[in-house]
Every structure is written in structure tokens, then in C-alpha cells.
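Chain nomenclature is as follows: A, B, C and D, assigned in order of appearance, with residue numbering initiated at 1 for each chain independently.
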Amino acid sequence: MSGFNKVVSTYQEAMAGLSDDMTIIAGGFGLCGIPEGLTREIKEMGVKGLTIVSNNCGVDDFGLGILLKDRQIKKMVSSYVGENAEFERQYLSGELEVDLTPQGTLAEKMRAGGAGIPAFYTATGVGTPVAEGKEVKQFNGRDYILEESITGDFAIVKAWKADKIGNLVYRDTAMNFNPMAATAGKITVVEVEEIVEVGELNPNEIHTPGIYVNRIIQGTFEKRIEKLTLAKN
Amino acid sequence: MSGFNKVVSTYQEAMAGLSDDMTIIAGGFGLCGIPEGLTREIKEMGVKGLTIVSNNCGVDDFGLGILLKDRQIKKMVSSYVGENAEFERQYLSGELEVDLTPQGTLAEKMRAGGAGIPAFYTATGVGTPVAEGKEVKQFNGRDYILEESITGDFAIVKAWKADKIGNLVYRDTAMNFNPMAATAGKITVVEVEEIVEVGELNPNEIHTPGIYVNRIIQGTFEKRIEKLTLAKN
Amino acid sequence: MSLNRDQIAMRVAQELKDGYYVNLGIGIPTLVANYVPEDIDVMLQSENGLLGIGPYPTEEQVDADMINAGKETVTAALGASIFSSAESFAMIRGGHVDLTVLGAFEVDQNGNIASYMIPGKLVKGMGGAMDLVAGAENIIVTMTHADKRDNSKLLESCSLPLTGVGCVKKIVTNLAVLEVKNGAFHLLERAPGVSVEEIQQKTAGKLVVPDHVPEMSF
Amino acid sequence: MSLNRDQIAMRVAQELKDGYYVNLGIGIPTLVANYVPEDIDVMLQSENGLLGIGPYPTEEQVDADMINAGKETVTAALGASIFSSAESFAMIRGGHVDLTVLGAFEVDQNGNIASYMIPGKLVKGMGGAMDLVAGAENIIVTMTHADKRDNSKLLESCSLPLTGVGCVKKIVTNLAVLEVKNGAFHLLERAPGVSVEEIQQKTAGKLVVPDHVPEMSF
């Protein structure tokens, strides 16, 4: 399966080809299931003018938040961005563009982008600021707005396990946006906790088929917890 | 979990409420992964004027084909229907309406129906008879047609395993249209090979979450093979 | 007497039915999980991809890969399933969730809700709220009846940017339970010791008051 | 000499590249799987929800739950994945399949293809063909160059209802390999012993013939 071996050994190889002004689709929800090392590599590359499509933007010193300090991000497409101070400063000063997108619409825009569906109708956001400038159409007597899909030059994804040909398995709620992100990048790069041999994953339990994946790298993860909540006893 | 126990013990209970002129969405591809017993029950109920949304229509004496003899089906929405003679007779004589729908569009129509998306654009069928009467819109310089989603009064689904609260696992290519059908019925009825206790299925390996499922019945399956092909020697 | 946050949650919990799939928003709605009646079962949906939220973890159980939509560490309940954000919102948008409980800044007599944005302040985003209010058949809003300066939050027409249009069916505040229909708030119950007059005074939108308004019972 | 079905498949197999994800239609395209060059690997996609089609099963391996899009019993290859029809066509429609090979009744010089319907005969349906031709960047059509009465199937304009518009890039027939571009068929190769004249005679659409037309090599 030589032509299908997608494993790379350095973060440089993993993100090779990323350049200024590109669009990156990122998996993750809060700090859960985020491609930590790929994000650090983007910081080290120093590319600027990025559009990042991600539900959140990390926190000040972790996750996508680390790309803010050097002003690498031109625009965020997110549903919720209220977790860091530098973000707030850049946003309020107009240095950072933010396209607030309802969470379900964002997930569907990524899925549609990967699935060759250029646009879909949804009731989400009808009559709200989200609907401004969008086409409205009635189906069965209810109004819906037209939302266009999203694709990226790169997708950065975090999975639990990958086999060498890119079949992916996620773990618990670290799945979140990762499966859709994986489908929506021209180049999809996956950072995983464990790379296994081809044949070790049960074909019925694969969450993302390898056809969507271009590069795989073995990562190391801090897995920072954003809000530790414990059972009372 | 009393309020979540969805197991019924007879096919009558499983299909209770089905009446003339309803729309049924059925899982299955060819004779693979079809809800055999639920289909037989529909035959025995004798309901007429049905619209059936299913990729295929079984064969003469098996699968959805058995609903043809007593003229229970008014209309089929399918991508390929060429497997039985009675179908052909009724279709050519005008007794049976057929809405031929590209296979991927059909799958997406079911998914969209279950996901609250009333319509989506696709390039599939542009410039062909499928596009007749449909809205055309350009995105990035390419034409796409608007396809509306499908929901049913009932969905009939075949799964491998279900727990008692309706979490489903499919086996091999018997998955096919079943996951989308499961989301698109007002009442979703699932016929399974094995019912297991709640907690036996790994939450990360569930294909269809129980929220979509209303009734579960333990079935018995013939699993007829349509085209037996064997390795040579 | 005006209800506290837990009492509001307790009253909302009375709306739960056995077998309900429920999405609870951040804040008071989350507290509802603590007051599910003992004789019924509900499954809690978390929009980041978990159906069947369990209790908070012990220190040994804590797992960074298992969080709820509020980004808190949680566990999975018995019978839980885990899925992608696209699948999660397919459930929500497709109307498969039986009940959604969420907070708001304002609601109005036409069922509109404003809950995500105060112009001039930082906009942090709507998260999943717009999808939830657009997708749910059955929405309960929890909030205080009026702000700290006694300005009503139950208005003729929302003044803030909307999260959703014509979607709120029921409101549980610190003072009352109300239904929203036919362009008015209909008073169903009052908090123990709270007068109809106080509710009238603190409701800016059109309020329909029946002859008898029972007190909530707990 | 005109190629037989297996020889057409052999010639198509030369178009495969190491690491390609390929969808093979029913008929001659299916035979391509038998001629994958030994030094490369490809993965075959079956639109009913299998990526990584393996060989036909032995009698012991036969499983009604494991079929291909032609409804034949198959096995799963090493590294296969299994998924729903919606996911399968997300792959196809989204352009993730590297190469699609399918048969046709007619193609024309503008890359249109007619492959699913002959008016007056029974319409059995397009199956996944319309999605495949709309979604693939890279489509090879296999067919005989002309029908049994020597009527060309490479036309100026398709006469039958279309499966897709402007999508065919390459054609491998029993007589030739042709590229479709700029409103014409461009002759790339001829079958061993077949003359350019015969190809010209059996091509009704506009045919561009270069000075030298090499014979196919196997």
C-alpha cells in the first residue's frame, strides 16, 4: 500500500504548502479534540492573513489562540469566541474580522463543503442578524435561509487513532467538528495519538475513511482541560 | 429507562398506525440490509396507496417486491428499479408512478429530511431529465439544481444490533441507506438481528443514536443473496 | 416570594416527561438536571456530540476528551452515544430533541427571543442557540422576570438582536410560569407569595391573566 | 484488430496510479480490477458504502451483508472502511474519488454522456451514475466505438437523454483511446492493427487526428 502510506514524520512535512492568506478548517470544540502540534507548527511557520474556520479560537496561550499574538489570523469563522483577551482586543479594534456562524450551520457548512453541496437551506438564523443579505425561501410555509458551504486550502484534524492509510477513529467528545473538517480540506492533515497498522481498525467502526486524509502525523498532546468540574461527594 | 424502552414484541405493534396513502422510507440496497419482516407485515396489513422511498424495490417475491402484487404501492422514489417483472408491468401500464432519483441525491434527500434541511443544491443531474422543473443556481461558475428533502410517515430500517433504547449498529454493507432512513421517519421502526442490554454498545461505535428510533423488533432474516459471485478455483 | 435559581430549575423540571430527550443550555437550565423527578428518565443531549450526559466525573474519571457544550468535564450516562457536531445538529435542527431549555436576555409576546448579543458589548457568539431555537418544537426559556433596575424582560417586542423568531412557547421566571401564544403572554402560575399585580407590573408585553392564577407547587 | 472486453479493461488499467481511489462501474469497468499493475495499489470504492473492495469470496466467506454496487457478493480488502450511502456519495459528489470508469450508450464531442435511458425501452434507473459523472474530476468511459450496425457512439451531440453534461475527459473503446476537449474527440492511440481510417469512419463527432497515432501497447 505504498501509494496510500500517508504518514509523515515531521510537523514541517505535515503543514508543507501552507502559505499566507490561505483558509484553514480546524477540528475541535473548545480545547477538546484540537490538533495541538499542527497549530504550533502554523505559529512557527509565521504565515499571515489566515482565515480560520473553527467553532472556537482556543484560549490566550493554547490552541488557535496562540496564532493571535503575531496577528497571523485575518478572519475567524466561528460560533463562539469569548475565551480570550487578545482575541477581544483585536476584534474590538477592528484588526480581526469575525464571521459569527451558528454552530449547527457551521458544522453543516463544513460537511456540505466536503460533500460537494455548494449550499443548503436552514431555518437557523431566520429573522436574526445571521440572515442579513441571505436568500430567503419558503418550504411548507416556513422561511429558510440559504447558507453556502465552506472548504479550506488545508484542514487540520485531531483523531485518536489512524491507520497508515488514513482511516480515522475519534474518542469520545473529542470527535466534535473533526469528521467534517477532515472532508473539507484540499489538503487534510491529521494529528493522532496513535498510528496503527492497516487492518487493525474494524472497517465498521471507522469514523473517517482514509480517502479524505492526505497526511498523518504522530502527535503529543497536553489535552488541557478548560473547565474542570468534579462530582460532589 | 422505562420511558426509553422501545422494544415491541409483535410485528403488528411495530407497524401500528400505518394506513393507506402514507409515505414509507425504507433502508436497504438491493436485497442487502432490508427490513424483511416489517415489509411482510405491510403486505399482511393490506394498506394501499403507499409511496415508498427506497433505492430499489426488491425482487418479485422478496423485499419490497411483495407489495406489488396486491397493488399496495402507488409510487416509488428510487434510483434503480430493474429487478422484477411485475414492477415492469405496472410501470409500463401506468399503474405505478416512479420518481427516478439519482442514488446520491436520494441518500442526501433522506439525510436532509432527518436533519431539518428542506433543500440543498447539487450538480448531480444538471442538464439531464432529472433537472426538469428544478431551480438552477450558479455557485463559483458552475450550475447546480435545487433538490428538496424527503421525510416519511414511517421509516422501516434493518440493523444488526440495537440496545433497548434504540442505539443501532449496522453490519458491513447492510448499513447502506438505513442510517438516513432512520432519521427521516415520523415513526422509525427498526428490525434487528439482536437486541442487547443498554450499556452493551460502545458509545463511540453507535451508528444511529437512539433518539431517532421509536420502535424495535427482534426479526428473523432469510438474507437472500441477489447475485452470488465466488472466487475462481 | 421570588424564586432563586435552583427553584426556577425545580419548576422547569416538572415539565419533563419520561422518555424525553432534552437539551439544557448554560446557567439555570443546567441546574434542571439536578431535579429530574425520580420516577422518570430523561436523556440529556449536549450539542458538542453527546447524547446521554452523565454526572460530573470523580477525580479518577476526569477525561479531557469528555466534555459538555459548556466545556465542563462530564461522564457519559448508561446508554449514551457519541457523534459529530454535524450529526448533533441534525438531531437538533431536525426536531428530534423533545425539549430545549435555555436562558435569554429578552423574550417578547410573539415568541421572539434575544439571548446572544448586546450591541456595544463584546459579541461572543451564538454558539448553538440559534440552531436550538429554530429546531425545537418545545422551548422553555428561563430567566429573571426583570433586570436589576426592574426593567421587564418580557416585552412587546425584543429590543436586542434576535436569536430566533416566534419560537418560545413557555417561560419560567423567578415570578411566574407563562405561555406565549396568540401574540400575548398568558399567565399560568405565580411563584409562592408573588402577587398577580407584581407580575403585571413587571411584564411590559401584553399579559393575559385568567380569573384564577394558581401558585406553583413543588 | 478490435479489442475485446478484457483488452479494453487492460488498457484502462494503464491509467491507474499508485494511491488512486477508483470507482468502477458495472460491465467492462469492473474487469479493470483484474488488470491493476502489480507495482501499484489502488482502492476500489463501491457506492453502496464500501471503500476497499476485495476479491470475490470463497464459499465459506460468502456473506449476504457484504455486496458491491452491482449486488455481487464481495469481500473487504485490507484497510477497507464501511459507511452509509450518504457518506459514500459525499465522497463521490465531493470529488474525493480520483478516477471513475463507467460505460455509456453514447458520448459526444462536448463531453456529454448518455448511459441510463433509451426512450421507449424500460427505464430502470440511473443508480449512482449521475452522481459519479457530476462528482468526478477524472472520468473514463469504456464502450464499443460503434453499435452492431456500425452506428457510431461518439457523436457530435448525444441523441439519448443525458446522464451528465461536459464531464467525460477520456474514452477507451475497442478501437481507440480518445481525449475529449475543446469540443472535439482527440485521437490518442489506436488498437493494434486498427487503422486511423476505420476510427475516422466510425466516429460521427468531430475527430482531431495528430500526425502520428501510436498503437496501444500492453
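FYI, contacts are C-beta pairs under 8 Å (C-beta built on N, C-alpha and C of every residue); 3 or more make two chains touch, one makes a residue touch a chain.
As the structure is a prediction and not an experimental result, all values here were calculated from the model.
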In whole angstrom, the CA-centroid distance of subunit C from subunit D equals 55
Between subunit B and subunit D, the Cα-mean centres are separated in Å by 29
The distance between the C-alpha centres of subunit B and subunit C, rounded to whole Å, is 35
Residue numbers in subunit C touching two or more further chains are 76, 82-83, 89, 92-93, 134-135
Subunit A residues touching 2+ other chains are 108, 111, 115-117, 122-123, 171-172, 175, 203-204
Contact graph of the chains (line, ring, star, complete, other): other
Touching pairs of chains in this structure are A-B, A-C, A-D, B-C, B-D
In the complex, subunit C touches subunit B at residues 17-21, 40-43, 45, 51-52, 76, 78-83, 87, 89-97, 134-135
Within their complex, subunit A touches subunit B through residues 108, 112, 115-123, 137, 139-140, 142, 144, 148, 169-172, 175, 203-205
Listed in rising order, subunit D residues that touch subunit B in their complex are 46-50, 55-59, 61-68, 70-74, 76, 82-86, 88-89, 92-93, 112, 117, 122-131, 134-135, 161-166
Seen from subunit B, its contact residues with subunit D in the complex are 29-33, 55, 78-82, 88, 91-92, 98, 100, 102-108, 110-111, 122-130, 160, 171-180, 207, 223-232
Counting only contacts in the complex, subunit A reaches subunit D at residues 1-4, 111, 113-117, 163, 165, 167, 183, 198-199, 203-204, 206, 209-212
